[in-house]
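Here chain A shows up in two complexes: once beside chain B, once beside chain C.
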Partner chain A sequence: MQTIVELFDSLCHDLSISVDDSEFVYFIDFQHIMDAARGHTFSNLTPNYRILLENGLISLKYREEDCTNKFCHDYNSVIDSLCILISRICLELDRKKPCNYETKLEWFRNMIDKPAAGFFEAIQRILFLNQIMWQTNHRLLGLGTLDTLLDPFYRSDTAQGKLSKEDVAGALQSFCRILHQDFKYKSNMLLGDTGQIIVLGKSDEKGNYLYNDLTILFIEAIEKLNLPDPKILLRVNKNTPREVLRSAVRCISTGVGAPLLANDDVIVPQLVKYGVPMQDALDYTVSACWEPLICGKDSSLNNLTTLNFMRSLDNLIMRDQLSRITSFEDFKKRYLKYLSWNLNAVKRVVGRHRFQYDPVLSVFMEGCFEKRKDVSHGGAVYNDVGITTVALSNTVNALLNIKEYVFERKLLSLVDVKTMLVTNFKGKEDWIPQLKAGDIRYGHDEDEVISLTNEIIRFVTEETKDFTTYLGGRMKFGLSAPSYIDAAKVFPASFDGRKRGEPFHVHISNDKAAYTEVVNFAAALDYGDNRFNGNVVDLMVTPVFIENNFDKFVDFVFFSIKVGFFQMQMNVISSEKLIAAKENPEAYPNLIVRVWGFSAYFRDLPVEYKDVLIERALRNEHKVS
Partner chain B sequence: MDDSARYGYYDSFITMKRWMENRNAGKMLDAYFREHGYETIAIYGAGDLGKLLYEELKHTDIKILYFVDRNAEGLHQIEGIPVIDLDAVAENKSIDVLVVTPLGDYNVICSELIGIAPEVPIISLKDAVYEL
Partner chain C sequence: MQDGPGIRTTVFLKGCPLHCPWCCNPENIRFDKQFYFLEDICTANRGTSILCNHCPATDVLAMSYPGQRPCCPFGAIGVYGKEYDAQELVRILLKDRPYWEGGGVTFSGGEALMQARELLLAMRLLKEKDIHIAVETSLYVQTGLLEAVIDYVDLFLIDVKILDKERSKDILDGDVDLFYQNVRRAAADGKEIVFRIPCCDEFTLTDENLNLLDDFFQDYKGYSVELFRLHTLGISKHKSLGCLPVSEYPACENRMKHLVSIIEKNSNRVSIITF
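Here is the complex of A and B:
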């Protein structure tokens, strides 16, 4: 059997090279995707593009005398193989002579032994590394902090008059189009779920906001292209200039679902408290959707499995001696006990996970070279693990209902509740509206809800804080998950008024509450300790609302940053358009919506996802209760 | 074989795999039941998994009061332990939990039990094996 290094070498010799008249060279040979099938391949991360921008490949190698272990030899072999591939690309460019081939030839030749010399060359290197990662079956690949990475090249080229802002704007659009072209192959669970996220903007140590021309140019490129992928995440803080926020809101208002806003004022301090040095924390990006990740240094698989908060409540109701529970405090304690048992199952899944040996990724992951260790052996600087969570909103609401109807008003016994749930509210449908109603619900700025939510999530921390993986990594979790539909499909009814199979609520959302109330609620949640693995406020907004209140909406975003949301994303679309697009997809081929943590064509979504969006839009517009 | 049958076999395989992993790690189900406060149990299903569960528990301090099986009339008893029909749980309900061993039938059995003895706690063997 071939070793991983031999497999990669064969790949570099065999894969089919295609060059054309595009501005940049980028190809994935789908017949030669490297699938060693020897364990779990790293994914959901961002390789260190900076390494390839600042160095020629040869200079990354260990000196012969420093090759002290197998990994060092494998690492060097990977670089040799990459150089062979680059030579083959050069030969193909020379043979086919596509548009601008001499410049492209120079870009690729330089890649072997020189740092990138200009803005376009830097973009070509990012694309090359990105295609290598896809070719070697690393999925859900982030692009990194591109405005920061590319800025020195941009400044130098524009200062020397080699490039105009318009040239750059055009190049960024080409770059995005190229990344988008294989989106069907790149998609994971749903079409559009590619993980291709570009992170823009950042903060410095003093809380100043850092951005540049490229920040705005990238946002404008996404706005103009109207493509669901790649997607952008804009880091913001309370000092973010209005110009940047206006640009972001303009892009969001097109309905493209981007940028997702990530609040440095909340995220950076949490990373630092978790033990990440400030300089690294300031460089965070995210995994495929929203889980903070230290760019180019972090091999953490941040969405390894999902904790379903409702599972523990259902288990309690089904398995416990309900007659012995006499108060809500007792009931809550029992819930937490069941939650700890559920977490045992989660820890077991996470604990058994093993990665495949990966010297290709190791070349582009900081820490591996220094430690002389493969990324699968803990070479990266950070090796934590993350889980997502689902149904916290439904669970909090169900607990509050049990408190009210069983223990305070004594209208029902716990066995009555159990019977309702097992029978899917048969003959008790009249209970559903009142279980769903109420002013004290998840997403409302009410002390009781906030306190209960924080008590549950802090408990998860207590139960997970001592867990370590085989690489010594710790476990993080967040309050957002993509599984609000899949995890609910065969899940029994729940006492928040949800019938069997109906979806769980989306992230941190409440489509009936005012936007400011949801933001206040989100800001009051405790994202400390290990609770920072993605916490997204998800809003539905009508286009008319933004059109008529553009400046006020920018004010709202600014206010929300100051209040302290963790992350925020929104769909800007009307229920009317969604319903029309569902009925007549041919008339809306390019309609884009935000799902999970990515944007997708509405036409490509399974019907249940379409229905969730329609129902949420209707609730937001107060057309249904 | 249709998808649901294929999934059923896969589910059984994974559950058995985890059960075996538990045993290799010295984790036995009696400890799980004790931790959950289940001292007296009934086993739903006197088939392969039900009997394996019985074998694991029979020399422990977890008391198996009865089996529940659709073929209660035919089986009558196993090693002196009575096998009853689900309907009879109402009269024999002094158990801490009913452990359901047919993995794919848990929801159906929950629905049936709720009409007969709603206060009786119920757990799937799969969950116990996973959470141990």
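Here is the complex of A and C:
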């Protein structure tokens, strides 16, 4: 059997090279995707593009006398194979002579032994590394903090008069188009779920906000292109200038679903408290959707599995001696007991996970060279794992209903509740609207719901804080819930008024509550300890609302940052348009919506995702209760 | 969102002395709590609950609250109106305080000033925390009510509607002299005022009313004026109260332009707003 290094070397020798008249060279040979299938391939991360921008490949190698273990030899072999591939690309460029081939030739030749010399060359290197990662079957690949990474090249080239702002705007659009072109192949579970996220803006140690021309130019490129992928995340803090927020809101208001906003004032302190040094924390990017990740140093797989909060409540109601539970406090304690058992199952899944030996990624992951260790052996600086969660909103609402109807108003017994759930509310459908209604629900800024939510999530921390993986990594979790449809498909009815199979709620949302109320609620949640693995507020907004109130909406975003949301994303669309697009998809081929943590063409979504969006839009517009 | 500068939290108060034909907040005309009935929800669920046998359905609209307390598990029957004491109201409002830099609280309605005396404590508590307070009002109220709160109000958003005494009485059921008197009172106090004109050819853009508006703005130069076309956003609320929906009341472009020129002639700043 070939070793990974041999496989990669064959790949570099064999894969088909295609060069054309595009501005940059970029190709993925789908016939030669490397698949060693010896464990799980690393994914959902961002390789260290900076390494390739600041170095020629040869200079990355170990000196012969420093090759003290097998990894060092494998590492050097990967670089040799990459040089072979580059020389093949050069030959092909020379043979085919596509548009601007001499410049492209120089870019690729430089890659062997020189740092990148200019803005366009830097972009070409990012594309090349990205292409290699896809080719070697890594998936959900982020692009990193590109405005920061590219800024020195941009400034140098513009200062020397080699580039105009218009040239750069055009190049960024080409760059995004190229990344988008294989989006069907790159998509993971749903079309559009590619993980191609570009992170923009950042904070410094004193809380100042740092951005540059490229920050705005990237946002404008996404706004103009109207493509669902790649997507952008804008890091913000309380000092983010209105100019940047206006640009972001303008882009969001097109309905493209981006940028997602990530609040440094909340996220950076949590990372530091978790033990990440300040300089690294300030450099955070995210995994495919929301999960904070230290750019180029972090091999954490942040969506390894999902914890379903409702499973524990269902287990309790179906299995426990309900007659012995005499108070809500008792009931809550029993719930947490079942939650701890479910967490044990999650820990077993995470504990069994093993990664495939990966010297290709190791070349572009900080820490591996220094430690002389592969990423799969803990070479990266950070090696934690993350899980996502789902149904916290439904669970909190169900618990509040049990408190009210069973223990306070005594209208039902716990056995009655069990009967309702087992029979899927048969003959008791009139309870459903009552269970769904109420002023104290997940997403309302009421002390009772906030403290119950915090109690549950802090309990998860207690149960997971001592867990470590085989690499010594810790476990993080967050409240963003991508599996709100899949996890609910065969899930029994729940006492928040949800019938069997109906979707769970989306992330941190409440479409009946005022935006300020949802943000206040989100800001009151405790994201400390290991609870920072993505916590996104998800809002539905009608286009006409933003159009009529643009400045006030920018104000709302500005003040919401100060109030302290963790992350925020928006779907700007009307129910009318969604319904029309569902009925007549041909008339809306380019309609983009935000799903999970990415944007997608509405036409590509499974029908249940379309229905959730339509229902949420109707609720937001007060057209359904 | 057209409720004053910045991000604001608006309190809608029940009760209005006027009966504007175009009213978009019909649930706030009556002073007492009242039931509403959502026919679509009832139709979709009728007969599926044991409670349906005892439900008055649409007859609930004739019932007085709180004489009887019918309830619908599906939410087809509900109540417009909720009571708050001043402290409780202020506690809820202050949750939004972080958003109020440049904004604040707006009291609207109905006619907010009809409950001026009840609002006094809430306004005082807000003012103690230096919160900007706006009141949306038609000013068709006893001057004593205006005077009760005038010290606490930073901004009046004043509707200017039909200025002829007879037509005002006939169409709005209001005494326009009260309006004139109260505008004078608010202006004399040096309060910031934004005048708002609901525009429609049939009532407010008639030749006669345009002339009266011209006279009015000669007395009130230099203020901001906002015009808006009447809308039918309140249609579902009218339906829920068993009322016929309001008619559409168009405003022709030329008459709007004429009104703009009248206002600008009187050195007022004018803008057209949409809801």
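FYI, the second predicted complex is superposed on the first by the 625 of 625 C-alpha atoms of A that agree within 3 Å, B and C clash if a C-alpha of one lies under 4 Å from a C-alpha of the other, contacts with A are read in each partner's own complex, and residues count from 1 in each chain.
Here is the rule we use: a residue touches a chain if its C-beta (ideal position, glycine included) is under 8 Å from a C-beta of that chain, and two chains touch if they have at least 3 such contacts.
Note that the structure is predicted; figures quoted are calculated from it, not measured.
Touch criterion not met for A:567: it reaches neither chain B nor chain C. With both structures placed on the common chain, the touch criterion links A:552 to chain C but leaves chain B unconnected.
When the two complexes are overlaid on their common chain A, residue A:81 makes contact with neither chain B nor chain C.
By the touch criterion defined above, A:445 reaches chain C but does not reach chain B.
After overlaying the two complexes on the shared chain, residue contacts for A:341 are found with chain B alone; chain C is out of touch.
Of the two partner chains, neither chain B nor chain C is touched by A:270.
The contact surfaces that chain B and chain C form on chain A in the two complexes do not overlap at any residue. Only residues 18, 36-37, 96-97, 107, 110-111, 114, 118-119, 121-123, 127, 130-132 of chain B touch chain A when the two sit together in their complex.
By the touch criterion stated above, chain A contacts chain B in their complex at residues 315, 318-323, 341-342, 344-345, 348, 415, 418-419, 422-423, 490, 492.
Those residues of chain A that touch chain C in the shared complex are 429-434, 437, 445, 516-517, 520, 545, 548-549, 552, 555-556, 559-560, 562-563, 625. Of all the residues in chain C, the ones that touch chain A in their complex are 1, 6-7, 9, 38, 41, 45, 48-51, 73-75, 95-96, 98-99, 101-103, 274-275.
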